[in-house]
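The letters A, B, C and D name the chains in turn, as written, and every chain counts its residues from 1.
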Amino acid sequence: MNTSSDKVIGLAEAIDTFVVDGAHISIGGFTINRNPMAAVYEIIRQKKTGLHLYAHSNGQGADELIGAGCVARLEIAYAGSGRFAPTCIRFKKAVEAGRIQVEDYSNYHMTLRFTAGAMGVPFLPTRSGLGTDIVNKWGFSEEMRRGDSRLPDRKLHVIDNPFNGWADTAKVVLVPAINPDVTIIHVQKADPQGTTRIDGLPFADVVQAKAARHLIVTCEELASPGSLREDADRNQIPFFCVDAVVHLPFGAYPTACYRVYDYDPVFLNRYREQAETESSYRAYLEEMIYGTCDHAELIEQIGKDRIRAIAADPDTGYAVGLDRR
Amino acid sequence: MTDENQYTLKEMMAIAAAREIRDGDIVFCGTGISMLAAMAAKHISAPNSIIFFETGAIDSQLTEVPMAVGDSRVMNGAAVNGSLADAFATMQNRITGGQVVGILGAAQIDCFGNLNSTVIGDYDHPRVRFSGSGGAADVGSFVSRTIIFMQQQRRKFVPVLDYFTCPGWIDGPDGRKQAGLTGGGPEMVVTDMALMGFDDITRRMYLKGCYPGIEPEQVLDNMGFGIDISRAEPVPGPSETELVILRERCDPQGLILTNRRRPPAG
Amino acid sequence: MNTSSDKVIGLAEAIDTFVVDGAHISIGGFTINRNPMAAVYEIIRQKKTGLHLYAHSNGQGADELIGAGCVARLEIAYAGSGRFAPTCIRFKKAVEAGRIQVEDYSNYHMTLRFTAGAMGVPFLPTRSGLGTDIVNKWGFSEEMRRGDSRLPDRKLHVIDNPFNGWADTAKVVLVPAINPDVTIIHVQKADPQGTTRIDGLPFADVVQAKAARHLIVTCEELASPGSLREDADRNQIPFFCVDAVVHLPFGAYPTACYRVYDYDPVFLNRYREQAETESSYRAYLEEMIYGTCDHAELIEQIGKDRIRAIAADPDTGYAVGLDRR
Amino acid sequence: MTDENQYTLKEMMAIAAAREIRDGDIVFCGTGISMLAAMAAKHISAPNSIIFFETGAIDSQLTEVPMAVGDSRVMNGAAVNGSLADAFATMQNRITGGQVVGILGAAQIDCFGNLNSTVIGDYDHPRVRFSGSGGAADVGSFVSRTIIFMQQQRRKFVPVLDYFTCPGWIDGPDGRKQAGLTGGGPEMVVTDMALMGFDDITRRMYLKGCYPGIEPEQVLDNMGFGIDISRAEPVPGPSETELVILRERCDPQGLILTNRRRPPAG
């Protein structure tokens, strides 16, 4: 816990401090919205390795971390970027080549696992997945689990309802809590102390944030101290959960940030194409990520026209009429 | 003027699914064609149906088709912007979940409507990897009815799934109860050739009907298991109204209906 | 589920329809804030009996329902109205006289039980209460439970953590879900379709609402159709959870309604005094509740001066400087 | 001018508790004197302590003393308005819960700091009924430290609780671990005569010190069990600064400090 009233630091320092090789991490957002992409790219630039990534449907962010070789193990519900890549391509290749270990859950399983972590309980129950291979097939063996104190000893438990059919339920699946070493989320607003405001759908960011031992918040706008308190109903994460606040305009680019900008179809389509072969993907990495010293330079390289094209319409929160083919 | 004799199979699929949505249904949508079906239903026959995404947006008033369920467009005109936890609880809760119809898709389906969207081959060393469940296993476990989009291909309609991602009727009449699930299950499969239902008693897939110009035998030729075709009735093609609404009000940019893109490898 | 786009009805009809004798009910609010008091008084006027009340810290509302003889059984964490009555007086007398059956939980237990009901699971786990009489002593016997299909077969279960110490936890208490027949909440705004907005602390209203088979929302302001959708982030309860919307200005009076009015110290102090003896309490009931035909008449009887005194200050949401002695 | 020789025991209690609050602590407050202690601490020695209520308000900037934890005043200047579920999760979560100090009160306390706030007499047929746990059992189960306000009366310091509402050290050194609880437990009892601590090894209550003018024997005379008084050190009375802040900035209306009211019967 960081009790400072000014937690504002630079992104490189935040990543260097909290994302060590082998760390267990989770990232906020969903498919092509509000992924903490600037932080993802900085992790890639700093060549972090051996990460254990917990994801529900973290789409673009997860795929880029996997593609760049930062991820060793993955617990995930869904690796897709919507219509831009129904199955994330670098993820697909990494799994098929056996380059990463994967364990599958459903989106609700992962949501409940973060929620359990946030609540401080070892598990939560659900009826989801009864009878399926999500329950029956494990990605991580019991042996592997025994050797790693940071993993629960089982993927899950199926138990009979101890309250004998109460709530019309015969059985439940218990899914174990996740407490990542660090969670990184990108939001519209945070103040220097760390109070955080997400506009629009919060996805599972709030429970991911509260479940983590450390939390990095990157934000479009650094709110002046106290200003977010004028409307406390809109704030989701208390400052005492936050370790680092990073002011990062366009920090979700090329994914969307509701009310600020849309996703960039040009980037995402080009990414999908370049992700197809090892050489074109390598070229993408060299040009866009390793070839830029930070996110500001990446945004500059994208150019004003494309950035202007994705600016959010104030009424709808996205770029109305944007050419998304 | 739109010519109702000129329509794509994708359009037929979206409309066939839209026709199954009842007024007042809460419609769980995934990405792509399922959104179009839900949008079309709201404009045609089920104005009070509620479009609902696992990302937490409730009763979205879609004016542009979202490219993903996380697209900011799903928040347009929503009644409530909730969280993932809220969305899945709405389905697991039987009071509200009983009103939800889920629209799903998959890489493989078996004769009881169970789905695979995870791997082809062995789970530990897959030949082909797909996206994984997402919310599909949750929807299939919780809600009262599901509608499933599939391509009519032998490798997709399989006797045994390579991986069992999402529960349908499991292994027949008592399958869901034995597994600990309750409520309904798959109601219809919508393919690019036909519609399949599930028998009320056996819970096995049967042919409900073929699209104009398609014969039951063609459907069977494109499946890895046999089904009852004796109950098949012709499925009417899209009406002009249905087509106009689908094309002009749901996907004017042709983002879903016109696949200008090379499909992803695999 | 009510799919109508206009669910606006009168309070008397809503109570008559959904609160039948013997119903299992819960009410929103906390101690002296946002209790659905108009609905409570209408239940009293309609002389409902045998209610099974689920409460966390529902203070004033719970005490009045108990005092008027509407409640037969009570599951509760805390029966107090803050400084106005550290222990609610009619509750205290009813329990000491054996007039109601009570079972005790903690506030978190009750919150989790409503949450389980809202989530559609039979129970949720917590470490709270391990080793205490809340776990060891039951208010409702196993025999009584066996005879009532609307009660779970046990108060709770203590189990060893099936994930062997995961999340540093050896044991957990499983608390069973509550699904009330009806929940009644009072909020600042709702629209005719039922979309509901709570300003300020929601307490446990949202999970109480979602756990219930039927939901009555009483509101200070009936928002025009569609208007609440302009800021969907602020709305908590989807319309499809709502059965009846009742437009009820001052519906929380004499408890507070954040941003609209404060609690009325005059009423609450007088209530405490009158609650002390059977005869003075009877006089209170006759004068204030049975003696008024509806809440509007009760408010009229309170008089403009007192209502003016508790008007909320627009900046703080309460009556700054109100004499609260 | 405030005369520091003229103070009430209630003022002494609020100040004694305030002195225990460390800068950066998250302070769980109940109704009444515990709020005053937390408000005073913020103004005196722990400006970065965080006032926190089970109702969900985080870091309230109290300008008027709330009459209950549900009072709208607890929302004043808060950083976040959460729900009950959020508030209790903050305490059960060990990352944040480890920083929480809970301030509690009760009808009975035993030598291990366990509390009763439920009934006197038999649970099924109580002679006296109190409010019940509220959030106390949760706080006592989860947080790293608690401070307990008690009236120094023989009937309140009892060898055996009539009902065990809130866990302290349970039955000694391993009590919490055996029960399945972890973390810390009661740290101090603040009465109208003295301060008690709990031995680091035995977890039994001992006398930390008496207020000015009070002798250890007077304390023992007002307890139903004996405690070690050998470690008692004098507790300094309130300083002028402490008193001014308490009276003028925390409770200028005298809502808590001046009990103008007949106490409730029982």
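Everything that follows uses one rule, which is that a contact is a pair of C-beta atoms (placed from the backbone, for glycine too) under 8 Å apart; a residue touches a chain by one contact, two chains touch by 3 or more.
Treat the numbers as computed from the prediction; the structure is a model and nothing was measured.
Trainee: Could you tell me which pair, A-D or A-B, is linked by more C-beta pairs in contact?
Mentor: Taking the two pairs in turn, the one with more contacts turns out to be A-B.
Trainee: Report the inter-chain centroid distance for chain C and chain D in whole angstrom, where each centroid is the mean of the CA atoms.
Mentor: Inter-chain centre distance comes to 27 Å.
Trainee: With centres defined as the mean C-alpha position, give me the chain A-chain C separation in Å.
Mentor: The mean C-alpha positions of chain A and chain C differ by 38 Å.
Trainee: Can you give the whole-Å distance between the Cα centres of chain A and chain D?
Mentor: 41
Trainee: At least two partner chains per residue is the criterion; list those residues in chain A.
Mentor: As it turns out, chain A has residues touching two or more other chains at 117, 119-121, 126-127, 169, 172, 179, 200, 233.
Trainee: Where in chain B do residues touch two or more other chains at once?
Mentor: As it turns out, chain B has residues touching two or more other chains at 57, 75, 81-82, 92, 94, 142.
Trainee: Based on the touch definition given at the start, go ahead and assign the chain network to line, ring, star, complete or other.
Mentor: Topology of the interface graph: other, matching no listed pattern.
Trainee: Touching pairs of chains, all of them, please.
Mentor: A-B, A-C, A-D, B-C, C-D
Trainee: Of all residues in chain B, which touch chain A in the complex?
Mentor: For chain B paired with chain A, touching residues are 31-32, 54-57, 63-64, 66-76, 81-85, 88, 92, 94, 114, 118, 123-138, 141-142, 163-167, 170, 175-182, 253-256, 260-261, 264-266.
Trainee: In the complex formed with chain D, which residues of chain C make contact?
Mentor: 29-34, 56-57, 59, 76-89, 91-92, 95-96, 98, 104-109, 111-112, 115, 126-134, 136-137, 139, 158, 168-172, 200-204, 206-207, 256, 258-259, 262-263, 265, 272, 276, 312, 316-318, 320-321, 323-325
Trainee: Quick check: in the complex, which residue numbers of chain D touch chain A?
Mentor: Interface residues on chain D, with respect to chain A: 23-24, 26, 48, 50, 57-59, 61, 75, 77-82, 89-99, 142.
Trainee: Inside the complex, what are the residues of chain A that reach chain C?
Mentor: Residue list for chain A touching chain C: 116-117, 119-127, 152-154, 157, 159, 161-164, 166-167, 169, 172, 174, 176-177, 179, 199-200, 233-234.
Trainee: Provide the residue numbers of chain A that touch chain D in the complex, in ascending order.
Mentor: By the definition above, chain A touches chain D via 1, 3, 5, 117-121, 179, 193, 195, 210-213, 228-229, 232-233, 235-241.
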